[in-house]
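Naming follows writing order (A, B, C and D), and every chain is counted from residue 1.
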Amino acid sequence: MASETPVPERPEKKLSLTGYVVKPMLVTLKQAIRSAVRPNTVLYPYEKLELPPSYRGLHALDFKKCIGCALCVKVCPNECMFMKKLDDPELGKIERPGIDYARCLFCGLCTEVCPRECLFMTSDFELADYSRESLRYDPEDIRHDGYGEERFNRKLLPLHDFTKCTGHAKCAEVCPTQCITIAQVERTSRLKPEVDFDNCISCGKCVEACPESAWKMDQVILETLETDRPFFYLPKCTSCAACARVCPTECIAMTEMPGTEKRRPDGTMTKPKKRPVWDMDKCVGCALCAEACKFDSLWMEAAKLYSERIREESVTV
Amino acid sequence: MPGGDGEAQGLSLAVPPQPSAAQAKRGHESPSQERLTEQEVLRKLAEQFGPRLTDLAISGRREVSARTEREHVFAVCKALMEQLGFDHCSLISAVDYKTHFECVYHLHSTIHQLIFVLKTPLPHDDPIVDSVTPLWQGANWHECEAYDMMGFVFRGHPNLKRVYLPPDTDFFPLRKDYRFGQ
Amino acid sequence: MALFGIDTGWSSLYDFSEGVAKWIIGILSWIVGGLGDNLPWVFGDFLHWSDGIIRSDLHLALVAITVESVVLLLIATANLLTFIWIERKLLARMMDRRGPMYVGALGYLQQIADGLKLFLKEYIVPEKADRLGFDAAPVVLSAAAFFIIGVVPIAPGLGLTYQGSYASATVLLAFAAFAVPPFAVLIAGWSANNKYTLIGGMRAAALMMSYEIPMLLAVASVVVLAGGFDFVTIVEAQQASIWFAAPLFIGFVVFLICIVAELERIPFDLPEAEAELVEGWTTEYSGMRFGMIMAIDYLRGYIGCLLATLLFLGGWDGPAILPDWGWTLLKAYFLWVVFVWMRASLPRVRTDQILHIGWKRLLPLAMLNLLVAVVLVSLGWV
Amino acid sequence: MAEMVINMGPQHPMGHGLWNLKVRVDGETIVWAEAELGYLHRGYEKIMENKQYVMNIPLADRLCYAAAMSWSHVYCLACEHLFGIAVPPRAQYIRVIALEIQRIASHLMWLGAYGPDLGALTGFLYAMRERELFLDLLESLTGSRLTYTYTRIGGLANDLPPDFEREALKAVAYFEKKLNDYERFFDGSKIFRMRTEGVGILRKEEAIAAGITGPNLRGSGANLDIRKDLPYEAYEELDFEPAVETAGDCYARYRVRIKEMRESCRLIRDAFKKIPAGDYRVRSPRRAPKRDAYGRVEDPRGEAMIYVVGDGSDQPYRVKIRSPMFITMSNCGMLLKGYKVADVPAIMGSIDVCMGEADK
């Protein structure tokens, strides 16, 4: 691929001592005259430059939109974010992220990974403080409800509610692009539709066709980072439903598994055991379910890495 | 001209050195030099080394890769350097696969604009391989770094030393069995 | 004479300081004499001594000269501060910066703030340094610089004189003292026991070898033209004819280049080339010693500009819109601006290159210049 | 004078970073020199093994303070080859624009540092002033001034801001005028020429054998530029010539960088002309396949390369960084031998040392 251009020659100008000492001096003289009126430097504390809107400074967190999924904490390369349990008068018992700015590197990955578009970076950059401890910003310190605009690509997509679904498979029949597939949920008698979002054309026919109105159209943020998927190991599940309780997007539904009933000594049958089923179109891959599972039946890579530390942080706060 | 013996030489240094005729001939600006294709490199190497090079393949655009045993590394590199014009040693990486090590050479030909990826496995308990520094001066510190970080020993290296860590360090931090605080 | 534009009625600074001296001694003896009645056993000796001063003319002259020195020193210090300020401000503007801004008007008092800061800093002597040389070098340096202040007049009445008359060979004295600092630099560089300072000191010596001779040759041509070794004579010779920068233009340029080298300023600041030698021979100095070295650098800058003004630019020669000392200082300031301008524009030359410039370029030029002066004199100049 | 060894560093104005240059001098002539690294070693390769692929992007940024964009880009390029994903054409063009702005900023940083190396502090401030233009551009593009975290595996973090093109072209046009000022200030200075011409001569064969790459190699007359030779991103479709000088001394390296800045201006203009519409990002997978891949680019300092081994998990199994400065600095002895102590800053400054990447 190398170009065959001739190699440029060095300018063989004869430089005389006096003539060419004067040349750079004229450059500085010109500059001195120009900057006698106004030098290029900005007197910082008194004058400030205007920062571009995309500037990555201090964070702003919309408490109302945040679902406490802790994805921002997990993606932070410097592990400078932490979750803090709060008792908000308006929102009840919630968990929200806080930031230790002494360690923050302002990379913006936390805002990018946020599935609800509630964490922003403002153009405020003045951080100086008197101690390291005061650089640790709690969630309340960065709270800024209603801040920011929509940044990410959104698409109108059908979201599925498994608790209402009866497995009619009408949605798959009407789908013009055949992007809905119906699969049997393991060990249960129920069927679950799964949508291929990439091929979905947002026509909304599945919503109309569903007799149980289990589908709902919604504006969904298209995530740019692939989310982690939970790995579920059925034999170890004890049906404790801890995962379903902890899920911030309510995408886990506990479903009965027929054939797991046990006969009580008095002859009556127990209720069948339940297993969790994921609506993957709602899952944000936050791995809270995997952290909540005490029986090793759920596993996610993100949880493997950071659950221990998050627990520690939430205790110390 | 460097090493002028005295102050009087100061300004006489200002004459730029002209490239000699031999210098100008070499290198790929000369249009007479033909570029080898990936297939030609593949064929020539297969002819010369036969079964000593395994997995010989075109692995990408302007890129050839092969594996060899560590005994043949120097011979293969010498052939690549002297006969096929791979005159630039781009990178020597050491990888710890837990069962064995792997030494990966990325060689670049500035004449043919080809990249050759040569991989050689090394046993975990005895990571010794022939040094290629006699062929490429630029491989010197790559090998030192592999020694520093992975503990590879390069036979025939002129000055195998730790480049990053202090000379009295007794561990190799990039090995997978290294844990902090050990 | 007009001192700072006010007609004082004294013919020279000597008269002025003699008056001041008599006044001070009078007050002193009055106080001591008043006390003397009550405490004769303490102040008896002093009473006797002060009594002696008033009687002896030589003693009076000593005190008068002391007062005179203090006055000259104050003038020099005020100029030194202004020189530093000009350098910082002008350099900043040439670099598109603002320079000092907040202390004093336009940052004029920033130098004093910096000096105060240096006073508060610890003075560290390297453990294995040669203590005597290390301590003595800044003293020698400053003594040599202060000495020249006394010799160089900035106006006919404003120089160190004795009973109204000048020493006869002030040019020789000034240049002898001007050539002392490289030795101090060499001593400092060697005694700090640091390789950078050592190389810096060696470079100072090498530098001196290359510029001292052309500079003195340029001065010699001026002396030839003026016919005297005395600044006042030289300036009067220029007042009578024309500034020597015109007939001896080559000598003027050579002299300026040599002065830049003598002052160790860019482009000839090899002894303290900070890129390769950290801070050159001053690397190990800290606290106020360092501050003093820096201040002396600028004081020498002031003296260098004065010398060039007196020798080549006609000294206090000029229309009477300004007082005499005003003309001298104006010309010196102009030269300083040129030096700062050069510093802003040029990189530093290498050791071998300055030797090359000194011996191969400047020396022949200075010889040529001397020849011009001799020819002019033999053709009947002045 | 007897020979003596001077340790120039780890804290030394010549170094532009933390490293130690051991020089043995005879008088002021250097008879032997060797670089000693490790004062800034942070264990990048080990850290990267313990982080997810996406978390390594801000880390890769911090390899070089002067050319952060270039390093996060080469990391993303290697990961894209590893994952086997193709970047959309618009993203490729935006990357080229960002990389070339970064190249100009990096060269200006070098030019600025080279001024004080030779004693001309003014050069530093002038170059930094113009660098500010390009940092402002990058700031409005990426949101940060020094470590951008802009490239992503599979594209970019965000699209071009609305009036970026106008601002960029304005800055480029202004900068090209300013380059003439630099040429007057540096080239027009006799003393600058005296200090750089014939100093630090590097011959072409020596340079190639020693693994020296980038502007330093092109200053020796080798027309080698990965952007031309083995093009990546959109460089194949763009119009530019690698800057080459034949002399191989400090002045030639200076000229190469000045020319390269002009070429970068040309590239930015050309890229804005040819930039297509479309996506700026594709979704990247989370887990890498079990194989290895590498990315190889022309950094402002030479050949930057990252070799990544994947093991099926969401963390790289092994990352190996080839830093151009690391190899160039292994040849300090060859470069410095025979010159004067006063030439050390001139020579080491002319190869554009960046300790962040050399020490990893």
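Going forward, a contact is a pair of C-beta atoms (placed from the backbone, for glycine too) under 8 Å apart; a residue touches a chain by one contact, two chains touch by 3 or more.
Small disclaimer: the values here were computed from a predicted structure and weren't measured.
Student: Taking contacts as defined above, which has more of them, C-D or B-D?
Tutor: Taking the two pairs in turn, the one with more contacts turns out to be B-D.
Student: Any idea which chain sits dead centre by C-alpha averages?
Tutor: Looking at where each chain's C-alpha mean falls, the closest to the middle is D.
Student: Just give me the whole-number Å value for how far the CA centre of chain C lies from that of chain D.
Tutor: Centres of chain C and chain D (C-alpha means) sit 48 Å apart.
Student: Between chain A and chain B, tell me the centre distance in angstrom, where each centre is the average of that chain's C-alpha atoms.
Tutor: Inter-chain centre distance comes to 43 Å.
Student: For chain B and chain C, let me know how many angstrom lie between their CA-based centres, rounded off.
Tutor: Each chain's C-alpha centroid was found; their separation is 62 Å.
Student: Mind checking the centre-to-centre distance between chain B and chain D? Centres are C-alpha means, answer in whole Å.
Tutor: Measuring from centre to centre gives 22 Å for this pair.
Student: Can you list the chain D residues in contact with two or more other chains?
Tutor: 120, 122, 126, 129, 185, 189, 191-194, 221, 223-224, 229-230, 246-247, 251-252
Student: Tell me, which residues of chain B touch at least two other chains?
Tutor: 4, 10-11, 16, 28-29, 113
Student: Identify all positions of chain C at which a residue touches two or more other chains, and write them in rising order.
Tutor: 94-97, 344-346, 350-353
Student: Note which residues of chain C are touching chain D in the complex, please.
Tutor: Residue positions touching the partner: 94-97, 195-196, 199, 266-267, 269-270, 273-278, 344-353.
Student: Across the complex, what residues on chain A touch chain C?
Tutor: 17, 21, 24-25, 27-29, 31-32, 34-36, 39-41, 43
Student: Mind pulling up the chain D residues that touch chain A in the complex?
Tutor: Result: residues 51-52, 54-59, 61-62, 120, 122, 126, 129, 139-144, 147, 149, 152, 154-155, 157-158, 161, 181, 184-193, 221, 223-225, 228-231, 236, 241-242, 244-247, 251-252, 255, 259, 281, 283-286, 313-314 of chain D touch chain A.
Student: Note which residues of chain C are touching chain A in the complex, please.
Tutor: Result: residues 90, 92-98, 101, 341-342, 344-346, 361 of chain C touch chain A.
Student: Name, in rising order, each residue of chain D that touches chain C in their complex.
Tutor: Touching chain C from chain D are residues 4, 6, 8, 12-14, 28, 115-122, 125-126, 129, 185, 189, 191-192, 194-195, 340-345, 349.
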